[in-house]
């Protein structure tokens, strides 16, 4: 595995420089683009890592999987009355479909869907932000995990597009709590800082039928685990899920911080990270690394 | 396996009566809705079947996988300049996205995408319809396979929506041949009559790394096989691909004739058939049967 | 004129009962639907009225003409960088076009456009709500004009759709002030209570080349007057402007409170009112009355 | 009047060179862009002209008014079941709205609407093309009027977009005749060659309550005349009708050949022509000329 990882770093590093770091909020723009890391965690607890795998970054949309998992545990199948399970075929922040489909977002991984999931968690937890942080710390086995207040504040300041979506859903009676309060918690979750190792461990329950390999905690049932993986496979990479399935063939979830998590069911959870993004908003070097990994190890589920 | 199949028939049969047979052309409406069949074909050549597994039906959109396979063999990666690989998030026959995205259909399994693929095959084969028929006969090992002329003529008569798509793509320079000629061949392919056993066998190369188990013919490379399966997984069930991944967890392709084919990679190819459709246009009993099969045998790739 | 008015009342009254009073906020639902009034004011100061012409009602979207007039006086042609002058061809509260057209609303009479105009006035006036009230009182010559606080509060409580639009425009940098503050002023203006006579007088500058006949105040230049009338003619009746031009042939502006104001250039300003609306959101009896008036007096500008 | 016309030529000529001649078909591209003409015809028969007012050009979409007039004469109000009377708020050749609104085009002046009107005329006339030519010759008093076969053939060759619309409407049961046959007649009408004087005369019934001033023929009733003018006012200039009302204030109809016809109700019919178009597809110099004319003579209906 170490040989493969070294080979991939050699192959992928030249790509750095051809993408662009997320710039929609000032706080994200400051990251050094010249970074790249991989962590692979097996369901029996082996950890493989290379490069900047211990450097913290903003997990951004990867947090949507944690929010979804929390909501599934509390709402079960009933949650699907408020959010769909279909790919959107649209940019992640479009309102067009939301208007035509009466305020029901297509899936929990586009922004509108994640906002509805946050609204559900807001209704359930006294402090949803606290609940989330505890959850992520347990999943990753790292009690030091924090969110970046500066990033969160910056996201809140530039909240207009997400606020617009939340209010549109409210106008269709699909948003129960105060919009600003939910947005605040949503952005705090997006601003959580983790590194590749943290994320590989935190997602390992999805490569182990729902149980956390390092702690033994049962997070989801085996069936729910397959369901979350299925949702990531069809909708986890913004408007590039089809391409990701075609090139990598694994369930995955990306964030504009440059992280991508992928699951090799019953075997591994993987996290790659490099801050520069392609046009679809996914880590450019990260995509290439996962494609090479999947091909050389034969990971595709298809 | 036989016990499982019997159990599934018992479970699924009561659903017949709650869907609706496709009625957009008169010729399809006449089928007896009270039919249900399953065929499972392993990569080592075992065949399991139950119910109406030897009754011919109109394969309709399932033919899109055959057309795509033919085109991939001849065009390779270059074909993706003319058709995308992303889920559409729209009804299968919508023109809206096609106009906004300059005549490039989202994937080869929505109608517009299949028409572009047919246009490619038209450019490549002297008689694309003949090429297709020979191809399907070889894949299934059944030399008797024919198309239903009455269905094909009826589809051509009611071609307006598909003609509209083809001309829209032509207006964006993404359609090279005479529209009526391509439509004729496209409808003839949709009107091919096969049964569950034929289809399970014809799709078996996709469960066997690209080689036909019964004939040994190499149809696609191993990587291409994964790619076709990935495309089916993200876009194979009209606007219900996400739900199919969530409930069944397999690459699949459905047709309005009531057939659904699914692939258990490296293991099985499966065909279920029952004419009544759900609102998304997929076989109602077929979906339920595949869900039950996947759960009881643990087939989900996720 | 009085004979004509009596004839029209006889003709139109039977229509009452076939429309529906606006019900999107509770406060508007309470109005007695069984009311109908007309006021006609000539540029030389004659007033003709019939029916419930002195009963106050909620002017709602009719206020958009006052806001536009205020903004034109202060911003001149520069205001058209932030809002268009074209009919929308969409429901008045749609966000679809707003997203496709980068946050620039199609015209000042759809909600999004009126919100941008309110945002402009917010930037210009210390108290835009006070400025508006003073303006309307001067235009109508009625110092008692007030807004209905209960209606305004109810609109603010159900502000989700309008808030969504405002934030969407803010995400495109086409909204400068605090969203909630602008919405509050916007709703207060919609909740202004006036009667047919007030409105006929208040709009009379548009039938008199920009000068108020009763006070002599120059409100707009002759050219600006034509421009406001042109905007009303192409976009003043929600998604029924074409039909209004076809049937009535006059510039006009309607509100969901059941009022419609129309201008006979260089001759008359007219206000009709009846609370029940047709499907496009325009007063059902009001439309019929204006059609009959226009036909019997030969008012159409075409 | 002659002084005014000379002044306008001086004012407008410098604009030539800043627009672009229509180039979607090769046959239109060949026109000399350096041309400009005006003809004004009063309802009492006076003719004023300047510049290239006797040079023939392709009337293109201006023909839609003739087709509409023919259809109104034969179908009356019943025609509005198949085509709307509202501005579209969309590019003239968009299919998006047509799909969302079930194949009913928004108005008779966008392409889809004109195709439905052509389909109506096809059902009514043995030779609709012959009927149209006779009609236009009578209206203009010029028996030499012909269509340009080369332009018509070229339009037919590049018919894809219009064919797409016609088939889309057929799929919604709003198209009765053979698509290719209707398209052929439609393009022949678009390819009619007329000059400014021909067009000013041919449209003069719309400035004279429906009767042709030079022949006395009653073409439409007075009310129908107002209706056609109203339709032109709200939808006659593609997606620039609002701007035209704002700047010019007259009912008008433009074509991509560079002609614009405008009506001063009860006074004049006007035709301006210059081949270069602005971004909305309307004659750049023509728009400026009409704006200057309207302002200097005080023609705006508002």
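Lettered A, B, C and D in written order, each chain numbered from 1.
Heads up, the rule we're going with is that a contact is a pair of C-beta atoms (placed from the backbone, for glycine too) under 8 Å apart; a residue touches a chain by one contact, two chains touch by 3 or more.
Since we're looking at a predicted model, the values are computed, not measured.
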Chains adjacent to chain B and to chain D under the stated definition are none
Report which interface contains more C-beta contacts, comparing A-C against A-B. A-B
So, comparing C-alpha centroids, which chain is the farthest one from chain A? D
With centres defined as the mean C-alpha position, give me the chain A-chain D separation in Å. 55
Chain centres from averaged Cα atoms put chain A and chain B apart, in whole Å, by 32
With chain centres defined as C-alpha means, what is the inter-centre distance between chain A and chain C in Å? 47
Spell out, as numbers or ranges, the residues of chain A touching 2 or more other chains. none
Using the touch rule from the top of the page, what pairs of chains touch, sorted by label? A-B, A-C, B-D, C-D
Chain C residues within the chain A interface of the complex: 94-96, 99-100, 159-161, 163-168, 170-171, 175, 179
In the complex with chain C, residue positions of chain D that touch it: 84-90, 97, 106-107, 223, 225-227, 229-231, 233-235, 239-243, 245-246, 249, 251, 263, 265, 295, 300-302
